[in-house]
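After this come two complexes, each holding chain A, first together with chain B and then together with chain C.
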Partner chain A sequence: MAGIVGYGVYIPYYRIKVEEIAKVWGDDPRAISRGLVVQEKSVPSPDEDTATISVEAARNSLKRAKINPQKIGAIYVGSESHPYAVKPTATIVADAVAATPELTAADLEFACKAGTAGIQVCMGLVDSDAIEYGLAIGADTAQGAPSDALEYTASAGGAAYIIGKGNTLADFEGTYSFTTDTPDFYRREGKPYPRHGGRFTGEPAYFKHVLSAAKGLFGKMGTDASDYDHVVFHQPNGKFYIRAARKLGFKEDQYKTGLLTPYIGNTYSGATPLGLAAVLDIAQAGERIMAVSYGSGAGSDAFSITVNDEIEQKRDLAPKVQELVDNKCYVDYAVYAKFKGKLRMAGLTQH
Partner chain B sequence: MKDIVRGWRHIPQRYNLIGSKCNHCGAVYFPVRVICPECRRKGKLEEIKLSGKGKIHTYSVIHTPTGDFKLISPYVVAIIELEEGTKITSQIVDSDGDNIKIGDEVELVFRKIREEGEDGVISYGYKFKLKK
Partner chain C sequence: MRDVAIIGVSQTKFGELWDISFRDLISEAGLKAIEDANIEGADLEAMFVGNMSAGLFVQQEHIASLIVDHTGLTPLPCVRVEAACASGGLALRNGIMAVASGYHDVVISAGVEKMTDVVDPTPAIATASDQEWEAQQGVTFPSLYAMMARRHMYEYGTTREQLAMMSVVNHKNGALNPLAQFPMEITVDQVLNSSLVADPLRLLDCSPVTDGAAAVILCPAEDARKYTDTPVYVKASAQASGTIALHDRRDITTIDATVHAANTAYKMANMEPEDIQAVEVHDCFSINGLLAIEDLGFVEKGQGGPAIEDGMTERDGRIPVNPSGGLKSRGHPLGATGIAQTAEIVWQLRGEAGKRQIDGIEVGMTHNIGGTGGTATVHIFSN
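Moving on to the complex of A and B:
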């Protein structure tokens, strides 16, 4: 079966603290921080978007994969914040990593799980020998409307995975998906900010799909929580993640490494791929990982992965998640609003 | 449309820092040249993918820009000496100038260069950041 030949990550340099946002809207910062289990979130610079984040992550994944980019036969970029409504992000990435012109490419959209959907497509293409290597990326620059609860968590970041059969650093044992039509969170064409169903986003949406996908994978693989050394889930906030992990019988030692939302916020399509990368950064050969994404709308993709010896040769070849989490500079709400285009400026084309 | 075509033709240079290397004297040029000014007809220029690693030769902090650049003000523009020997002018990202000095090592990043208004094409290309 296909495996991970290389992985790479990117997180923007700027951060804003939950208390800085709470101050503006008169919320109690400690209540918000405790309720969501989020302390701060990443903020993209005005010259960063899903395309630039994808390219940085993809270039880092190539440093670990050490393959000729011309051998990449497919690129999929999963995001809900593609810079263009029509014109793929994937072609920008393809040119920027010198993979053009002999390849297939497309953008994928499935709220926060389009990145893992791209991994599954690449697995299929590799396993059927249609391509030698596939590049799957999950990246977002998420937008929350000012004063909306989402503003405390919506952040930016991404991770890229090169899927192939040769020189893998970790191997897929199986994947299982659970999908239903659930309108928990959506954004209509042309609207700048998404709408969400408040409490409706929890039980019938996130938990139903994440837990069903995890249990489905357990059944398919004949495993349970005790068979995995590490687990990572989609993480709209820290609270949902920890509750999902505990309901499935995982202990803190198993789930803590992949939990990044408290420090960088919810990177949407980047969240599960970044959490998995944080685990690969520290995992030992022979260890087993379960990863479960979630996308509103709604669906979850679960993966069972085993790490092999090659990880030792590759993990130091590109920046690790923790290094990027620690490399930061705080901005206040005014600079944040300017960066995110929330201000109207005289004579400018800002939106 | 003319601008879009001009931008598109320069994508390899802007995305991947493709320059020219003279096969006679070894001099490296960016952007791409057709003829080596030193060797003229004796030398032939070949494409070279520059490493994107270099040092700050000199820099300037821009505090009062115009237009869309106000969004990132203050920002740093530097002349960078690449390890292949050629110099290149570029923005240094994620810096307001406080943490920069001449001789600092920098590396290539991929960023938005400009947007043609709300409904136009978005140009991407090289910028640099301080090496950690």
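Moving on to the complex of A and C:
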């Protein structure tokens, strides 16, 4: 079965604290921080978008994979903030990492789980020997309307995974997906910000799909929480993640490494792939990992992964998640508003 | 006029019921009440349904037809009754009047609200206030009740802790109610440290947004024992109106509609406040529960805070308040609340209230408010 040959991550340098956002809207920062389990979030600079984040992450994944990029037969970029509505991000990545022209490429969208959907597509192509290596990326510069609850968490970041059979650092044991039509969160064509169903995004959406996918994987693999050394979930906020973990019987030691939202916010399509990368940064050979993504709309992809000896040779070849989490500079709300294009500039037009 | 009895009651589980639609909620409550009364649907002669705003919550009007249709009870005549959060109390009162007058024999009075299908229920709820003078100026119910609380604290020295105790006692009872939305105990500290909603009211001073339904079956008192060995008798059904806008009140720390309805009810039942052994009050906010025990005559005006603090309203206190958990813990599906209050008092009078049963109870009361007191209903029941 296919495995992870290399992985790479990218998180923008800038951060904004929950207190800073709460101050603008007259919210109680302590209550928000405690309620969402989020302290601060990453902010993309004006020159960063899903394409640049994807390229950075892809280059880092190639550093670990140590393969000729010309051997990449497929690139999928999963995001809900592709810079173009029509024209792929995946071709930008393909050219930037010198993987063109003999490959297939496409952009994927499934709210926050398009990145893991890309991993599954690559697994299928690799396992069927249609390609030697596939590159799957989950990245976003997430949108949250001013004063919406999402504004406290919607952030930016991404992770890239090179999927193949040779020289893997971790191997997939199985994957299981759970999908229904559940309109908990959506953004219509031409609208700048998504809409969400408030509390409806909890029990009938996130928890139903994440828990069902996790239990489905347990059933398929004949495992339970105690069989895994680490677990990662999609993390729209810290609260949902911890509750999902505890409901499935996981302990803090198993789930804490992959929980990044309190420090970088919700990177949407990047969230589960980044959490998994944080675990791979510290995992030992032989350890087992479960990763469960969630995308509104709605669905979850669950993976069972075993780390192998190759991890020791590869993990220091590119920046680790914690290094990027720690490398930061705070901005105030005014700069954040400028960076995120929330200010309307007189006399200038955007193209 | 004929005396009226309650021969069947029901309440659905209250909560965020994502998988249960408006029509299924009311059908479940109705069918359970019919079962409880040991009658058949065909025995019903009329239906009254309390509902505040299906139009805004689930975009459905003409619910009288919908409910009769969905429950297979056509051609049963059905009337939808609306008086904001007092809709349930009014549905009950209309059912009682229909039986008492001799116009109908067996009647079902029900209440239902499906509130969680909208992202923000605030605009719908705000329609219970004066649109032109209150809602359109940005005043919502938490802020209206916050003003009442602040004034009560100023006038009578009511403390923040005493308000918190109202919620604490509610949850102590609600923790024993399997149908409650939030069946867990809370502490004064938790109330005082919960998110500020409208100063001085905090999150745990406020009743929740709830899906739920409840129903009661009424018949002439003289026929009640044909259906049940434990009939509950309606001793009084009273209703009064007050100003819809808070600023038009002579005193914002008294809900005059409650006072008038209570006086009428006591007179009708030939009873005094001392005769009441349990009461379900309309604690949409902690301050309203406190105002209720004053305005219903259980304590002097201004003494609600100390009374709650001294344990007077606990299940073993002088006047047990909200044995069900009240609107705070049981939940507050607006149109269903007045009927759910009735179901609780009936269960208490039948001795069927499980772990929250009040020993030896023979007389109980319900108090249902619309808006900030534009409508009030008070009912007294005995076994």
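Observations on the structure shown:
Basically, the second predicted complex is superposed on the first by the 349 of 351 C-alpha atoms of A that agree within 3 Å, B and C clash if a C-alpha of one lies under 4 Å from a C-alpha of the other, contacts with A are read in each partner's own complex, and residues count from 1 in each chain.
Going forward, contacts are C-beta pairs under 8 Å (C-beta built on N, C-alpha and C of every residue); 3 or more make two chains touch, one makes a residue touch a chain.
Model, not experiment: these values are computed from the prediction.
Of the two partner chains, chain B is the only one touched by A:P46; chain C is not.
More chain A residues lie in contact with B than with the other chain of the pair chain B and chain C.
Contact with chain C, but none with chain B, is seen for A:E203 once the two complexes are overlaid on the shared chain. When the shared chain is aligned, no partner comes close enough to touch A:V86: not chain B, not chain C.
Using the contact criterion defined above for the overlaid structures, shared-chain residue A:A96 touches chain B, although it does not reach chain C. Legend: residue contacts after superposition of the two complexes on their common chain; A:D28 is shown touching chain C, with no touch to chain B. Using the contact criterion defined above for the overlaid structures, shared-chain residue A:E323 touches chain B, although it does not reach chain C. Note for the complex: chain B touches chain A at residues 11-12, 15-16, 49, 67-68, 70-72, 93-94, 109-113, 115, 117-118, 122, 124, 127, 132. For chain C in complex with chain A, the residues that touch the partner chain are 16, 18-19, 116, 119-120, 195-196.
Per the touch definition, chain A reaches chain C in the complex via residues 28, 31, 35, 196-200, 203-204.
Looking at the complex, you find that chain A touches chain B at residues 13-14, 45-49, 51-52, 55-56, 59, 83-84, 92, 95-96, 98, 323, 327, 329, 338-339, 341, 345, 347-351.
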